[in-house]
Each structure stands twice: as C-alpha cells, then as structure tokens.
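Everything below concerns the one structure shown next.
Order as written gives the chain letters A, B, C and D; numbering starts at 1 within each chain.
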Amino acid sequence: MDTDQELVILALCCHYCAYAAADMAGSMRLQYPGSVRVLRFPCTSKIEVNYLLTAFERGIDGILVAGCLEGGCHFLEGNLRARRRVERAKKLLDEIGLGAGRLEMFNLSSAEGPRFAEIATEMHERVVELGPSPLRRGREAVLAGVAGMASLAEAVIAGEKT
Amino acid sequence: MQASAAAARAMSLLAPARGTCIRTKVYPPQRDVTDEPPRIGVFICHCGSNIASVVDVEEVVRRTAVLPNVVLAEHNIYTCADDTQDTIKDKIGQYRLNRVIVASCTPRTHEAIFRDTLRDAGLNPYLLEMANIRDQCSWVHSAAPDSATRKAADLVRMAVGRAARLVPLTEDTVTVKGAALIIGGGVAGMTAALAMADQGFPVHLVEKSEALGGAARDLFRTLDGLDVQAFLAETIDRVIGHPRITVHLHSHVTQVEGHVGDFTSVITTGAKTRQVEHGVVVVATGAVEGKPTTFGYGQSPRVITQRDLSGQLARGELDLPKGATVAMLQCVEQRTADRPYCSRVCCTMAVQNALAVRERHPDARVVVLYRDMRTYGFREIAYKKARQAGVLFVRFDDDAPPGFSLGADGAIELTVRDAIVQRDLLMRPSVLVLAAPIVGQHDRQEVSDLLRIPINADGFFLEAHVKLRPVDFASEGLFLCGTAHAPKFLSETISQASAVAARAASILSRQTMPIGAQIARVDPDKCVSCMTCVHVCPYLAPIVGDDNKAQVQPTVCMGCGSCTSECPAKAITLHHYTDAQILGAIDRLLNAGPGPVGPGEGAYLEQVGVARPRWTEG
Amino acid sequence: MSEEQTKTIMVDNLDPGFRDEVAAVPGGENIKKCFACGTCAAGCPVTNIDEEYNCRRIIRQVLLGLRDEVLKSPLIWLCAMCYRCTARCPQSVNFTDVMRALRFLAVKEGAAPPDLLADNDEIDRLTQLVRRDLIKGSTDGRKTVMEELKARIRQA
Amino acid sequence: MIVADRKKIPEIRDMIQGHDRVLLVGCGTCVTVCLAGGEREVGIIGAALRMSLKLVGRGHVVVDQCTIERQCEDAFIDILAQRVSQYDAICSLGCGAGVQTLAERFPQKPVYPGLNTQFIGILESQGVWTEKCLGCGHCRLGEFAGVCPITRCAKRLLNGPCGGSREGKCEVNADTECAWQRIYDRAKALGTLDRLDAIAAPHDWSTGIEGGPRKVVREDQCIAGLGPKS
C-alpha cells in the first residue's frame, strides 16, 4: 500500500487447489494485476466470516476467496461451507452499505493456472470499478509511518541491529 | 493406480530387504522459545534472476528490516542452496532467531526443505514462514517491476505479521499395528490380501458368504481367453494356504474403532466374536448383477442376462435350434434417469458372448441392440472381430427403446427401430440376452455406517480423489478396490487391489506414524457442548467426551479448520492457523495491527476462559 | 421414400449371406468393418444435394441383408465415385469400391438392365462435357456463363 | 433452549444513535448454542457494526465487545461492572432475559437488544431451529403422546386435527408438520391410541403469560432470612 491510489486485494486461497493454481499461473508467466496478495489457508473452510470482515474493517479494497472446484475439495466439502460463509459476509456487507461486490468466491482446480490469472484480473477490474474502499480512512497516517520506516531502514542497515 | 500396483508387486519381491538401507537423521534438541519475544530473521531470495530481475530485492530488505520483531533481514542469490542453508543455521545461532521467514518460491515445494533447516538449527520446524515472491509475484508481474517490488514487500510484511505469532508444535506419534483387515473375499479382497501378505503383513480376510471368490465365481473366460475359474481356484488355494492370511468365512465385521495405524475391530462369525487389531482397512465388498425386472426376465427361461449366457456357454448348455436368432439387448435398466451410470463391462461381455455363440452355432443369427458400443481401449479389436464375424449390431435411440412381448407359447417378439435405416426391425429370438446393470451391494449402507465412508449417488463407495487418491478413502487408513468402487473388469480390479496393497504398505511398514501437528484442538473451558463441530466435520473427528465437552480426535482430524470456523464459542483452534496468526498477517498487510509482539503474546486477545468475560477491542 | 422402404423389416426373412456376397466381390472386402459412424455421409457431395442418397444407410441395408432393396435401388447408381468417403472412413470400409461391387452384383443378377449401364455412362460423359464447358467458359466471362446457367436452371 | 436470531446491523446502528462508546455483550449459554450471540457472533456483529458506523460518518464511535458466561446471572455480570463505566451504552446479544438483567444491574446505562428472541426450541438440523414449547405453565404433554398441540398445532386444537391436515403437513404452513399427525403416529406406535378417545378439557390459560409476568417460588429452595429473590 504505497500510494493511496493503489488497490489492495486479498486472495484467500486454499493450499490444495487455488494456491497451486496461483503457482501454476506463475510458472506459466501469466500476468495479472499486482493488487492481488495471496494468503494461504489449508482449506477455504478455515476462512472465518470474521477474517473477511476484519480485513474490510482495516480497509482492504476487495477480497477473493478461492477454493477447489465444487465436488473436488481436498477436505470433501470445505469449499461448500466456505461458500455459505462468504455469502453470509456478502449479505452483511450489503446490509452495512459497503456492498457485496467487494467480496467474491471462486472455484478452480489446481491445474487451472490461467483461470487464477483470470479471476485475479476479474476481481481487480471489479474493484477498480468500485473504487478504493471508503473504509481506507487513516491510510495517510499509515503511509507517513511507512515513509518514516523507510528512512529508519537506511540508518538501520547502515548501522547494526541486534 | 497402475503405478501403485506395480510398486506392490515390486515390494513383495523386496519384502525381506525392507528398512535395511535406511539411515535415520539425528537432529539437535529443540530450543525452548516460549519465553522469548519473537526475533524474526528474514531471508529474501534472488532465485538467481527469477526474482531479482523483476523485484528490487534490496528495497524489500530495507522495508522489511524496520518491521517490528524483525532482527535480521538479508538477501541471498539462492536461499535453497546448501551453503545458504548453512548460513541460515549460523545466523539463527548468532542472532538468537526464533522465527524464520524465507521469501522465495512456493512453500508447496520448499517448505519441507526449510523446515528441515530449522530443525538442524535446533528450532521447531513450525517456526518457519514463507513468502512466495516468485511464483506469485516476480513471475506474474514481470512487466511491472515497481508494483512487483511493493507487492513483494507486502507479502513479506504479511509473513512477519504471521511469523511473530507462530508457536512451536509437536507431532505426536501412534504405534502402527502392522496388520490389515480386508472386508470382502472376492478377487479384489484376495488380491489385496495376497499382495500385502507377500510383503510380510498379517491379513484378516472377512467374507460374509460361505466361500471365497465373490462375483468371479460366475465368470468363466476373460476377453483374452484366460480361464477365470482356474485363476480363481489357484488364488483361493494360495489365500487359504498363506501363513499370514487368516480367512474368516461366514463372517461380518461388526465394529471398527480407532484410526489410521491403530484400529481395533470385531469380527463376528455366527455367535462367536473375535477382536482383531490392525493398521488399515480395505473395503472390497464388491457389487452384484442387478436382476432385470423388464423384458420378461424371470418370466421366460429364454430371457437371460449376459452373465447367465456366459455360464451356459462355458458349461456347454446353450442349445439353439437351427437358424436361431439370439438377440442381445444392451443398457437394460441403466443409463436411465433413475440409474444414470454405465456398467462398463456389458458391451465387452456382449461382444465376447456374441463371438462365442457365432463360433459354436455358425448358423445362428446374433443381433446386438445397442445405444453406444463402449468396448474401450483394445477391446475395440473384439468389437471389430464381432462385426466381421457377422454379428449384426443395431443402434437404437434412447427415446425409442425396443418393444417386447411374450406370447402365450413363450415366443419372444422384439421390435426395434434401427436408428440408421429409420425402420422397425421385428425379430423372434430364441434367446434374449439382457445386459443387466452392476449394482452396489444391498448391505453397503451398513458398511458405510460401520466405517463412516461415503457412498456416491450411483450406490458405490466414493474414493478420496478420482485422480490424486484413487484407491484411498478420504479418511486416512481406509482403502477401497474392486467393484465396491464402481463397475470394472477383472483386470482392473486386480490392478486396483494391488495398488491398495502398495498404499496400505506405506502405513503398515512403519513402526510409528506421526500425526500432523496442524490439527484442531478444543478448549474444554470454552466449549458449550453445542455440537456444531460434530455436525460440521466431514471426517467425524470431533466427539463429545466423557466430560460432555467436545474433543477432536487428533488422528482423525485432517486439519481443514471447518469446525474452528463454525464454533460459536470460538473454543476450537486450528494449530498453525490460529486467529492470531491469520489476523496478524492481515493486520500487518494493512498496517493496522498492534506493535511488536512480546514474549508469550502470540495468543492475540483470543484465548481467555469462558467464565471470564472475553474482551476484544475493535 | 417408397412404401417398401418404410415398412417393418422381418429379421427372420433377411439374407445374412448378402454381406458375405458383397465382401467376396473385389472392393467389397471391408464392408463388415463398418460401425455406422456416418463420416462417409457427412462428406458426401451427392448426399449434399439429395438426402435420400446416404452411404451409411446403404451399408446398413447390405449388413442387414436387404438384398433386393439394395440391388434394385436407383440410389446405388448415384455415387459420383469421388472417393471422399473412402478417404475419411475411420474403418477403411472403402465405400466407393463397395458401391462398385454393388453395381457389379446388380448387373450380374439382372437387377439392373444392361442398357441402364450404357445410359449411365452416357449421362456421366455428358455431365463431364457440360462441366468442362462451364469451367472453361467461366475463366474468360464468369458472369455471363453463371448467369446463363442459373437462367437455364430456372427454366428447367 | 432459547432460540434467537440477530437484528440487522442498520437497526442496531440506529438504536445506539447518540452514544459514542458502546459495549457489545454476548452470552455464553443458549444464544451461543443457537449460533446467535456467542463470542463468534459478537465478533462478526462488532466488526460489521463498526464498519457500518464509519460508513455513515460515525467512525468515532467505539464499539468494544465481550462475552460472558450467562447474562441472566448477576455473578457473571459483576465481572463486567468495572469496565461498563467506560461505556455510554450496552448492546446485549443475549436473550430478552439477558437484556433485562443487564438493564437492571446497570440502572444508569441504556441497554439495547442486538437479537430478536424467538422461542423455546431445538436444533432441527444444522442451521434450522424449531419451536417446541410455549411455556404455558401447565404441561399436558402426557395427554398427547409427548407432542405439544398447544405449541405445534397452528390452531392449538386439543381434540384431534382440523380438516386441513394434508399428508402430515399443516394447512397453515405446508413446511410445518401437522402436530396431530405426529400425536396420532406416536400414540399408535406406543399402543395408546385409546387415550386419544378421551375428550381433552379446555386448556387452563390462567397459568400463562396473559396474567402478567409469572413467578416460580420454591420455598424449599429459598434461603432463610433472605426470602425469595425478587
């Protein structure tokens, strides 16, 4: 989050399918927008409603949850439970007026590298359309902090740190 | 599947040499880091030019070095190189690091390597965190290096947020009971039994009927002309004579308790029961030929199934008048809305029987009425042979099934609309042979309830993954083979059963088995006994214990986290994916979290007992 | 389709020897390999202008043993002998040569009178002449030739 | 168990209008079990509420959250007392009893309900709860083969079904089982159909809520000198 204009999208990926597909998109050198940050979960069923809401509360612009194909979950039906939870979170986002569009669940297999690049692009474009999250309040302060840290970093690296 | 089967065959040859070439690696004792504040070392990899040609690695180091709890950040050309790993071990000692982050490639390939590095340095392997700045950054943003550098720094920052809250985990072990329990004494069960017994493992083979052999007792020749009965007799002899196989005839498995590596089961034979201990269970309960209820089956002795016909041919019982017509009807009561699946073997069986009829009765007219001929693979050759031998194949459409009538004199009249000439064909066959479906065993639900294994919509047992784990059940230590899984040929059953033996040996050949540390644990103080976890776990890992509180059976838990995401009291934690660790990553990414983490503070506001108010501040 | 071609086929009355007879004529050897995929008919230029002519159906009629129907049918004389079906057949049935075999049997058994054969030869020769003239003519005055042809077709 | 479900976030947000520091209090008993007001729900509703406030320009409002063992017991509420002084208002994710116990314990604090308390019922299947008891104060389940027609029959009929029972379903709501069908099936299975021949007397509603809030006094349990807790 370097500039206030830069969007940040979290991709919450299950280890067995979506994360593997993201890796494959890498080995195929498929390009997708740099806004997407992947966070790995053992299964999408570990993704709690609260994680989604907390990320939005902290100012994330969009979240994509990516799990195995329906019927193909490594943990049998984790992705189905995750979908229910994502739907619940979407309902809450609509209720509070942030809008359900900033959150989406996708299903793909570990062999679908191109599909990962596609959904990352799709989500990015959707969030571009929606604009930055209105909850990004206070980000300026954060940026100031980061800038401060960078100059501190120079000093630290030049000197010594234990 | 075939590869595993081949492995099983090889392993039975190598059985005496098992374990003789293994060298056990010795690790230093693990340092206790509980009372230390997190001291994170971050090693950022160039991956040659894979990362460094896009990402400004030094910039990432600068941004990382200033993050809370980070005491060392440096970059290396190849972090996975042996000398760099030695450097990491040195730095762990020199800087008293107690958390290590490697920012490089994917943990899917390299996590195990770096975990081993930590173990070598006396750190618990679960204190490693990785940031994937190659596969998910430099490779996919090569056209936007600035953005890639910022993203790489973010990914490392997330890793720092998570790493600060990582805790050491210990993997428990269970002692493996080196025997197998096989349910079903057909070809699948016997093949698996022999393959395992030949590898040196004791086997309990449980058969519900009074004899071994299963459905193969009604099979006589394979398409290649091999004698099934001779093979069966030889197999049964070998099974009965094998010193390591105990055959339980007329028996049922009535109770199975325990988990992978350590099961205790009860085999009931008549009024007697016997308790056996074993490390794996193989379900080889087979399937049966579904008896048709249409086309006069059971009303006329001249309406038979393909299996009946092959028996009559084998015993020389097929008696046909001169110039007789033999009609074969495919897809009877299958590939319909009620039973949508294909029984896989009937087309080949029809072709095989048609050829045999033509051979014995050259004057007989053989007409095969079909929807699609599915003589897949090399079986196509037999189909071609049958066409050339003058067997008449008539295709009909699904929506125009043949008309059938049975006269008072027992005469069969069959009409079918030929889909190509678009005309009705009328025949009065001497014999009508039906391709009956293969259906699951009637007692499959009992087996399913006993072992808690899933049955698919077609009535067969469901494997864990059709490609990745084709002979395993989703629950560890349970395997399946043969027609209990789906209709299949004898040869396919044999290779699947051999594959099971190889997979099972990967468990049985161990003295002990580690139980993954990434499992769910219940805090009984917080548990309100609502049963939600029991309802949501697909593996039935949570049970309600003697104290009326939920507990997750560690050996059954697969570590998916389903229960932890639903527990309304937040009483369940998934080790290595705690709220603190996940929210730590998210907070650090969005620069919203608290400052440095202190000693023993990994808990992150979440673990406060139930009777006390549980404060969380927004 | 004639009435005969829609009525029920009595399997007991079929001639199972017919296909062997066709197979015994040079060119007809592979007829029994046919598994009725229809690739032949899908590319046939004759089927393209007259759906009543269908290679797959003719082979089925032979395999079923509808001897008289096949040999007496005018359809077996429609084949343009272009060998497209032969090139495409996945089972090497070689339908064009099968057709030649059928014509041979039809003549041999008197199902087709000898003068029909001579007439067909003459029709083929005339068709080729017309085709040649049209193509040659179209190279220097395409429009006029095509227009004249279309006008004539309209007249016919 | 008491079954409840959550109010919509905007409704809660509007209720706490005018307060700058709000404490969201969950309850670890019935509403945790029915997935409406336990620690997890408190976290979810808290996060949603804070975001909702920010989005309407009230981002300065502090919403903290905690969950106690039982809101209907003073001893557990006592643990809150010290912290409560730091807040302007409380929003309870307990049942109606919890909300009122908090209100009585903290006379100076506005207390708002975050849940709609529904009924006494059970978990039918994961995610589905059904009402089983009306709390009429005069249980007659013994007369009806263990199925309560007062609660489960839409028409509260005591002498057999109405004419609208269709294939075991209620005519008022086809998703509901006909209570009388269940009574009949169970009595038949138990061999006690003859008991249903007896005419059931009209229900005595004097023990019900219509007479105002009820009280149970157990002299044998009352501690001498202190008298029943009012």
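Simple rule for what comes next: a contact is a pair of C-beta atoms (placed from the backbone, for glycine too) under 8 Å apart; a residue touches a chain by one contact, two chains touch by 3 or more.
The structure displayed is predicted, hence computed values, not measured ones.
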{"item": "Busiest interface, counted in C-beta pairs", "value": "A-B"}
{"item": "Chain closest to the middle, measuring from C-alpha centroids that were averaged per chain", "value": "B"}
{"item": "Length of the line joining the C-alpha centres of chain A and chain C, rounded to whole Å", "value": "65"}
{"item": "Distance between chain centroids, defined by C-alpha means - chain A, chain B (Å)", "value": "30"}
{"item": "Separation of mean Cα positions, chain C and chain B [Å, integer]", "value": "55"}
{"item": "Whole-Å separation of chain centres (CA-atom averages), chain C against chain D", "value": "84"}
{"item": "Residues of chain B engaged with two or more neighbouring chains", "value": "536, 566, 618"}
{"item": "Two or more partner chains touched - positions in chain A", "value": "48-50, 54, 57"}
{"item": "Multi-partner residues of chain C (at least 2 other chains)", "value": "none"}
{"item": "Sites on chain A touched by chain B in the complex", "value": "1-2, 6, 8, 10, 15, 19-20, 22-23, 25-27, 29-32, 34, 37-43, 45-51, 54-55, 57-60, 72, 74-78, 81, 85, 117, 142, 145-146, 149-150, 152-154, 156-157, 161-162"}
{"item": "Touch list for chain B against partner chain C, complex", "value": "325, 365, 367, 373, 383-384, 387-388, 390, 392-393, 395, 415, 418, 420-421, 423-428"}
{"item": "Parts of chain C lying in touch with chain B, wherever the complex brings them together", "value": "5-12, 16, 19-20, 32-36, 38, 56-57, 60-61, 63-64, 91"}
{"item": "In the complex with chain B, residue positions of chain D that touch it", "value": "28-29, 32-33, 35, 38-43, 46-47, 50, 62-69, 76, 79-80, 83, 123, 126"}
{"item": "Touching residues (chain side chain D, partner chain A) in the complex", "value": "8-10, 40, 43-44, 47-52, 54-56, 59"}
